[in-house]
Amino acid sequence: MRTTLFAAALGAAALLGAIAPASAQRTDPCAGPITFGTTISATGTNSTLSDRWMKMTEIFEEEFNRMAGGVALSGCGGKKVPIKFVMYDDQSVPATAVSLYEKMATVDRVDLFVGPDWSTHGFPVSQIFEKYKTPSVMSNVATPRVYEQGFKYITGLAFHANTWSQNYFESLKNVNPQPKSVFWIVHDNLIAKTVYEIHKPIAEKQGIKTVGEEIFAPTTRDFTGIILKIRAAKPDIIYISSFDAVSVPLVQQMRQLRVTAMDVHHIMATGSLARQINLEGVTGELYWHEGIKGPYSDIALKVLERAEIKLFDYLWTGGRLDSYFVMIQAIEKVGKLDREAIATALRAPGAKWKRPGGEFEFDAGGLSKIVAFTHQIQNGAPVIIAPAAQATGTIKWPSPTWQ
Amino acid sequence: MTAIIAQLVISGLLLGGLYALVAFGLSLIYGVVRILNFAHGTLLAIGGIAASIIFAVYKLNPVLIAVVLVLVFLVFGYLMHIYLLDPLKKRNPFEATIGTVLVTVGLLLIISDLAAEIAGPTPKNIPLEFHAYIVGEVIIQRAELYILGGITLFTIALHLFLKKTWFGRAIRAVTQSPLGANICGIRSKQIHAQTVAVGCGIVAIAGVLWSLKFPVDPYGGFDLTVRAFTIIILGGIGNLVGALLAGLFLGLAEVFTSFLWASDWAPAVSIVLLLVILVVFPRGLASVRK
Amino acid sequence: MTGSATEKLALAAIFAIAVIAPFLGAYYLTFVFTMLIAYVVAQSWDWLHGEAGYVNLGHYIYFGIGAYVFSLGYINELPVVVCFAFAALFTAGVGAILSYPLFRLRGDYFAFATLALLPLFDLLAANLKGITKGTDGIPLPPKGVIVMGVDVKVFSYYVALAVCVAAFFLTIWLARNKFGFALKAIRNDEQAAEICGIRIFPVKLKTMALGATFAALAGACYPWAYRYIDPTTVFGLNVALIPIAMALLGGTGLLWGALIGTILLGTMQQMLLVQISGFQATIVGIVTLLIGRYMPGGLLRARIVRGTPGLGALGKEHHERLGVRPAVGAAGEALAIERRTIDPDRTILTCNGVTMAFGGNIAVNNVTLEVKEGEILGLIGPNGSGKTTLFNLISKIYEPVAGEIRFDGHLLNGLRRDTVSHVGIGRTYQIPRPFSDLTVQENIAIPLMFRGDGGLARDAALAEAIKFARFAGLEARLFDRADALNLQQRKALEFARALACRPKLLLVDEVASGLTPAEVRAFVDHIREMRDKYGVTVIWVEHIISALSQVVDRLVVLEQGSVIADGPLREVMADERVLRTYFGGSLKEHA
Amino acid sequence: MLEIRNLVVDHGELRAIWDVSLDVEAGERVGLLGANGAGKSTTLGAILGIYKASGGHIRYKSAEIANREAVQNVEAGIALVPEGRQLFPEMKVRENLEMGAYPRSARGKVAENLDRIFDLFPILREKQNQNANELSGGQQQMVAIGRALMSSPQLLLLDEPFLGVAPVIIEEVMAALNRLADQGVTFLLVEQNIHRAMEFVERAYVIENGRTVLAGSKQQLLGDPEFSNKFLGLD
């Protein structure tokens, strides 16, 4: 028995050893290519937001290396090295994402991470970055609590939940007649609830009273109950904090049941929503828009074009692309591939970072302080109405289609 | 208040009618073949997605779309039974049950993944804009009337089909007494395959009507399978009228729960109902009537 | 364990891999960790399914509950051990409580109801925000990530591995132990199990609670390692059915089924994940479908696997692992039945005004009957006259709507079915109901294990069963499954099983039909021997009166649920009323 | 009309019929007697085509019908009134009857046959719109017989038609069966109640353990000590 056990153990060890790829740790900080590890929710429930990103990332690798010529390493005599992505589908399951990041850290031995998306993934995966002391620029992980863990190696590109609708509520100060009341409709989801919880006091400070609030489950299909409550409450503003896909029947039924308000605000008033329902006159937030030119916008637009992605349809694509740009900037700031230095640079207080939508800073926890552009759907397309500097039009108030 | 109740009732009936439609197919299949088809709700989602794509690309009339999809689904159901499910009948009951679970769960995975790969994972619907009728404070969409009409007509048609045609009666006969049906000269294998086909055909119609009102995505649908099970247990296996009433009741219950209490608890209604019924009447409600 | 060389080797290899995986790197740790957890869930599911035959589609809720309880304990800064204990205990409690409503259900209805548990608990976790923090989920504080300089994942890994090992050996124990035999009897036929003296509900409840405990331990490992849970991660339908698929894939009810299924499906999923982009779920779906279609008993039961030398050992059914061979004994060896001295004046069974009705149909109507100790009573009557119903009343299949049944000093009214054999009643069924996927030996051993006095140990029961089998002429078929027997052999098996209940009163329901005259005579001798040698009282329902006439002391005739005659055979057969109502008058009338 | 030779039928691994041979001439009333489990019902099922024959021959009007589908046999004029009736409990009496005319050849004469059955069992005409499960046992038996008659059978196989039927109704059913016999229907009757069986049949076979062991006319059998021995057990 003892010999069999020993033989089996030996065999097993040999087998595992054979599977494990022998890849040496990189010793030369100037050698390319620099590998970025990431997972994308290409299948599963979150894939409605990100199903085209795998293709987009492949194109990004190609276009960036072609158009920019690679990452400029000042610490290596200004040599430009290409980037390379290692990427997997996390199937929208957090546990799968964790195992994949572990694999990328230990088997694929990627240099840096860019990802994952979504707060539910950000929580467990952020510990992997700490453990392997490998910096990551995550995208679309907007819940402040992820960044309140005191971690050093994480940063995240997303709207700051704290400032998500900042421009919107600012712009409301200048409309006439003034809105006096708001009804909150909230998708039962980490990010949607955070946005609602943060903006409720902001609105009330501005003198906009809450006359109703309702949280709905993602599988809700019939919203008549909620809508009747709205009609009874007669709010001036209806604020929908929800993912776009799950709110299709909500907005549709609001239309059908002739809900009236000065404005209906949807934090994800996207193109995919607009294709399914009449969004005319609805206000919302945009992360970035093809019409707004800024740093890297040439590369970004080229990538989007080739990947056949419209920012208006896939709202969060901007965050994804920005995480790539920010990581590249961080390497260039350091001038060579040095994880510790890159992590420090990313979290340097007051550092400015470029993105196609403008400049921004990270907060103390590592979450980008990005303020969304507020837009209104006019004649089927989004028109930026705030901030004033980038505005492409003015708000129609009260919203014409909700009368 | 009456206007509010009226509005809620309309929505509840609409939702419940659609639920019933989902349950009809499952009820027929379960009644005749005694197979738990885990892929049932997912088939509806696929039907809805196909319908909305056809609508978006060819701008076909939804009725025409339904006709096309029904034909496709009939064939699919027939082949599914002949090649995947029927051969399992030859195994012992233990293997037959497990085999059925594996086959239908496998199908569920395959069709939802394929649909997501081909059509994309985003939810889709048939965006028809129609005139609305306003009676006092109650608002009814013409599309909703069409859907309600569709459900009513279809239920009546199905009812007549089961009552009046030889084939429909054979389905009921096999459900109620397989041996008795055999004695009357009903070929059970044939009826089984045809019933699975018809059940899938009904799902196609449900899918089209569903996508007129609500969006569907390839990963959804399983919660509809659970609801459909609730409905057939509530309404009696193979009992169409029972399924309709149970579906309507469920729809109304969910709508009223969300208005009177909170919408995040509305999905609990059907689950709690199912559990309570099963626990109080362990052999289903049908056993009580006897 | 009497495992083959293949099994030892496989076990050693798997265990070795599992032990060293963390040293190969964090990726292997995480990958094997997910498999360890999946195995525990799959295996603990299979205790209820493979052993007891219940399809609990909602088993995954126990994983989720365990994860939640652990997390809540952890963020309230309880020691990890305490968190684990709470998770296990609380979840076991939930399992026990759920057993009460759920086990009222059978078959598909049980599956429906348990399936509904998943969305229900998902909803509870999402909506009971005060306790669970709703869809926000629970992040565990990062400060516990490194314990004693080691990543906490390593600890959770080895805890999970320990739980796996415990689950594996518990499976071996369950398959061989008396408790496991109770489950197997339940799987085959709950009523027959009760008749053999098994009190079934506590057995099912314990199994449910045990399964819940293990799933909860696996669930507790999860947040400990991953540091975050939310409702969809631990109650989501998409993850919940996978472990079940794994167990079914390998082969449910087999020692290696869940393990091999987990390894294969888990590895396949992981390979697809890292090597193929797109269509992963489709491929998993196709494999699942093909196994269901062509190997519905699971991979290990497939002919091709069973036929492969070495591999075949993994697919062994439990009884192929039981090593108890017949002890060579003398043919006339006494059965382990207490020899009672008969007191012919003592009344052993009294039915007083017993009535049973189904709906409006009165099956047994005000039957009053006395049976003396040591009597052999024949019970006849046309089809539908209530003979079998009367048996069912005495053996507590039914509770009479009126009247009183007393047996050997016990009032049977209100008695539980499983105590019937304990007070000394054994019975056979008209259509035999042996435990069909158990061997002849096991069938007979079951009542021996579950006697009122605590019963024999497994091996003793199996050895003792051989004597009963020999007595019933089944010695040659000792190791064959009951479903391979022909009708006569099944009847003989039932008879032996009833004797193994050590009855004072034996209820025999139509044994002779289908036997040759010589076989009938042998059977009659058996009946007589039971009475003369062991003092057993017998009531025998039979259509074939020629068989009865060889042995009965007294004949009772039922017609439409009522006793129409009661007396010595010859008197009864001459009774005008009997002849008229039972035989339609004398046959000569027709001539 | 019907000729069975050395029939063998297996239920899965169990052999139910080992060796049954019998003949039924057109217009005859033949009984099939035996104890529970002797194989009587299985024999009837095999004739109709519900069970597969593993061996032997069943010839009907000189055509081999063993292993033909039930529907073909119904179309050819065989009908079965099964043990336990096997009605469709939640279908109306009328619908139950109509199901008997399911084979294509029978569909043309539904109205005519319904009339005939309602004449035979007037109570069914009254109750035609009630669900079958609301009927008494006797009435259900009438429906079962009626359903079999809907295909205008020439050979009617009856499996324990008097089981669970009140004596008064038995007389009524018996009278109806006699009328059918007068109309030329051939009967093969399985019955445990010897008295009832002997009232009706002219000739009978006795089955034991799946084998035909005795045969003869009513008079022959009743005079045969072995026969009374089998059923009475008195020497």
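Letters A, B, C and D mark the chains in the order given here, with residues in each chain numbered from 1 onward.
By definition in this document, a contact is a pair of C-beta atoms (placed from the backbone, for glycine too) under 8 Å apart; a residue touches a chain by one contact, two chains touch by 3 or more.
Being a predicted model, the structure only gives us computed values, none of them experimental.
Trainee: Pick the chain whose C-alpha centre of mass, unweighted, sits closest to the average of all protein C-alpha coordinates shown.
Mentor: B
Trainee: If you average the Cα atoms of subunit A and of subunit C to get two centres, how far apart are those centres in Å?
Mentor: Taking the mean C-alpha position of each chain, the two centres sit 53 Å apart.
Trainee: Can you work out the whole-Å distance between the CA centroids of subunit B and subunit C?
Mentor: The computed centroid separation for subunit B versus subunit C comes out at 35 Å.
Trainee: Could you put a whole-Å number on the gap between the CA centroids of subunit C and subunit D?
Mentor: A distance of 39 Å separates the two centres.
Trainee: Return the distance between the CA-based centres of subunit A and subunit D, expressed in whole Å.
Mentor: Here subunit A and subunit D have centroids separated by 76 Å.
Trainee: Multi-chain contacts only, two chains or more: what residues does subunit C have there?
Mentor: Residues 123, 126, 238, 278, 280-281.
Trainee: Touching two or more other chains, which residues of subunit B qualify?
Mentor: Subunit B, residues with two or more chain partners: 113, 219, 223, 264, 267, 290.
Trainee: If you look at subunit D, which of its residues touch at least two other chains?
Mentor: none
Trainee: State which pairs of chains touch, listing all of them.
Mentor: A-B, A-C, B-C, B-D, C-D
Trainee: Using the touch definition up top, name the residues of subunit B that touch subunit A in the complex.
Mentor: For this pair, the touching residues of subunit B are 4, 7-8, 10-12, 14-15, 113, 116, 120-125, 127, 129, 132, 134, 139, 141, 144, 213-215, 217, 219-220, 223, 251, 254-260, 262-264, 266-267.
Trainee: Sort out for me which residues of subunit C touch subunit D in the complex.
Mentor: 361, 382-384, 430-431, 483-484, 486-487, 510, 513-516, 543-549, 573, 583-585, 587-588, 590-591
Trainee: In their complex, what parts of subunit A are in touch with subunit C?
Mentor: Within the complex, subunit A contacts subunit C at residues 1, 4-5, 7-9, 11-13, 15-17, 20, 42-45, 54, 88-89, 91, 93-96, 98-100, 102-103, 105-107, 120, 123-124, 127, 130-132, 145-146, 149-151, 188-190, 193, 217.
Trainee: Would you mind writing out the residues of subunit A in touch with subunit B in their complex?
Mentor: Counting only subunit A, the residues touching subunit B are 43-45, 47-48, 51, 188, 214-217, 219-226, 228-229, 232, 245, 248-249, 256-258, 272, 275-278.
Trainee: Okay, in this complex, where on subunit B does subunit C touch?
Mentor: For subunit B paired with subunit C, touching residues are 34, 36, 84, 87-88, 91, 94-103, 105-110, 112-114, 117, 219, 222-223, 226, 229-230, 233, 264-265, 267-268, 271-272, 274-275, 278-279, 282-284, 290.
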